[in-house]
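Going by the order they are written in, the chains are A, B and C; count residues from 1 in each one.
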């Protein structure tokens, strides 16, 4: 499978007044043609920021992509100009969002909002664009598309709005579609409809999809490969079968154990109520990640080593990468990152607050003391 | 009916333009005719486009009746509570005999019990007759009518001025959030909020008079106004309006800029703005088409309230720059205890305010599809 | 020790409509039938799951039980005495008859004697209502006066969905938890303090949490505070309105575990409302599936999962993706959207989307029927026999 998208060492930081949020801190993955990659994780793990970084839509300030490479069909889109990037957005990479209620502009008609993207990237007239919009609406399974183009978002139900969003995203037949929790806000029966539609479109158009969600069941039924994220880094990447049958990282294992499965027996053999295998504790503060492995404070199998150094992401079996010392001994080497003027400003504010007059011995060169406390 | 549907209703705006041309060229005499035509025109449009909205407007107008009645009652109570009546002062005048006074009083039904007077007052008020001004020795209606028009002219121009400036300023501040450009606009806005209107008016007048009187210092018209052509008259009034409009506009602009900035910041965080960017839309279009179009709606809701603000703000400024509006009349009337004039001006003000609010609501309905179609 | 089969809450004929404006410019309002005749019992110490898609009325049922919404019709018996229930039932039946007689008289128009007859009927209806109310007052939550309500609130508490909005940001945790016991005087002074500490231990929060403010906690911890607050009066029933849907997956599991273990410690009954069928099925003894304001199927978790009988439940189960990549079957996907509760379809409200519909479905409203194993459905033509 040839890769249409390759992401290497992507890091997106948010420079706040006196601290840095390392939302995405070194994420690597590839996306093959026609492949669906599930990006799974809990809120604050950096999955949405990863997708916004792929579109180069991280709000700046305070956010900034500080390192990495995102090559789309061999071209690094982090290096191209903003004008060129605009030609990529909506055309080669498109996006759908979680909230169908708020992701369409309430004051413009559906037809206008679909034709807008067509007119940006295709040489097409106003009337033809509206006709094309109607055709797209039919494609996403809407009845009476000729009338729907004149309707406003508030006249449509949640499911229909998400269909309209998909029509916008598919309008220019993009190479990659990023779906950021596209079914989370929908009811299960509507979710099933939308997933079926996306599956059909993916197969007919051969689109690659980056599917971001927290719902493991959706991941299982919809994706080919899975990347599990925790606290800004990818902890495990593998095929969907491997992830569910043979999860290696304790976090992945915990996540799978936390979800009640339909039809599960609720009583243990001795008659007591069965409990879920919940992961204790809560997500670490993105301002100060633990020094070693970021999952160590919650990990049932944490060793002394886990608190001291961060493991690297290593391929332990074909196509199965994991960031855990249980499976290898390699320590992660973080490439030196230039935090620029914003980083210096944060450091200065930090020193002002902590009352130090000069930069501490270890705080002047690297980024780590800023965020790692 | 089908022909009606195919006809683009926006073409009827030509009639509005004609009305405005009539108003500008024909002057104030045609004012009421034009207002009536416009009113009728909108009724027809609504009947045609949205009967639900027409019934809403009619209902709102009906709701106005108790408000106006309450204001009238209040005004009447004021007059009744004050000692004496409007002819009491004449009693001291030896030139007027007691019989004559009695006749006057009979003429104005002041000899009758209070409730009869009240209904008479309402009956007259409904016909636009708010009694007789003692100081001007003319019917209140004649005085207030012309003055009200002047106040409306001044208020609306100030509002337009404030809107035209505050929207781009608010957008500018929002898109440059927290850097020096935003701070500058904020400082300007707070300055406008903090400085009292009358003081700013004096300040401007002082500046103009000390730099060579390049703008008129007061009034609404120049000396030779009657002999000017229509165009000359137009520009003459415009020149006189600059100082009061800037003064009133500044304070309104301050509020509006802050609101606009806040709304824009809120809207720029909305998901659909990101959607627009994700489509590959240019930043300018994202801001000025997708975001601005949504940020405007709350501003229109504010318009109704702003009208009240502007009119009360205008009252003070009118006095400073000698603009012949309701404000200066009100002040004179209060000072000379000319109660019929006071009440008349109040009622006019209230009616204008209620209508202004209604117009703002209708405007909101017209720009927001969520309100328009339901 | 109360036995598990005793009825704690008996909801009968619960109806609630909300007025919605026909349009922005209209003064008329149309009734939206949020809950349209719900009958369900909760036994002591059991968990009843209430599941359905958004707008099906599940939250409204929960709120009506606590009278956070004032229902239009129906009764919610708390610890009912069967004799009283039967007696009041008679009055309610009589009321229905009188009301229909009155409707007939009014429909008959202005014939001679109609005025007097309708006056007479109205009088009887008023008397009937007053007597029924007086008789039901001690046990029916919906008929209770302020005094009885005050007593009732000790026994029925609620845990809300949004852990961010449901705790007063101006109060420290110990005050939030201790407010109920303080008001009801169940614990005083040092004992109150000890009780709060005990509750913090029970819900798995550190004791030093007592003097901190809600904003210092994460979503999961706030939900624990909310649960401790609900527990403070040792209620018999806690209505849990989507208590885990705002939480992350790993935290969600912690809260579910907590709710399960507290149930044994405190002999609690839960009315567990959620849209996630797997969560509901996991925690509940019995599950009621709602669709457009009505219960369409009610059975034990196992019955519902292994042998769903209502076509809606079957499609609901079919729509849920399974966390197992080996299973990729999604045989039944429901088409279309849930119809508007303002204008629900005639007959069975599910019939326009139902793959199993027969002619009578669009005409006659199906009633809940119990099969021998206690599995209840409302369907004219259930697919599995």
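We take it that contacts are C-beta pairs under 8 Å (C-beta built on N, C-alpha and C of every residue); 3 or more make two chains touch, one makes a residue touch a chain.
A quick note: this is a predicted structure, and the numbers were derived from the prediction, not measured.
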{"item": "Far-end chain from subunit A, centres as C-alpha averages", "value": "B"}
{"item": "Pair of chains whose C-beta contact count is the highest in the structure", "value": "A-C"}
{"item": "Computed distance of Cα centres, subunit C from subunit B, in Å", "value": "53"}
{"item": "CA centroid of subunit A to CA centroid of subunit C, Å", "value": "37"}
{"item": "Touch list for subunit A against partner subunit C, complex", "value": "42-43, 157, 159-160, 187-193, 195-196, 214-222, 240-241, 244, 254-264, 266, 273, 275-280, 282-283"}
{"item": "Footprint of subunit B on subunit A - complex, ascending", "value": "55, 57, 86-91, 94-95, 97, 99, 102-108, 116-117, 120-121, 152, 154-155, 165, 168"}
{"item": "Subunit A-facing residues of subunit C, complex", "value": "53-54, 218, 220-221, 248-254, 256-257, 260-261, 263-264, 275, 277-279, 281-283, 301-302, 305-306, 315-328, 330, 333-335, 337-338"}
{"item": "Residues of subunit B touching subunit A in the complex", "value": "270-272, 274-282, 290, 293-294, 367-370, 373"}
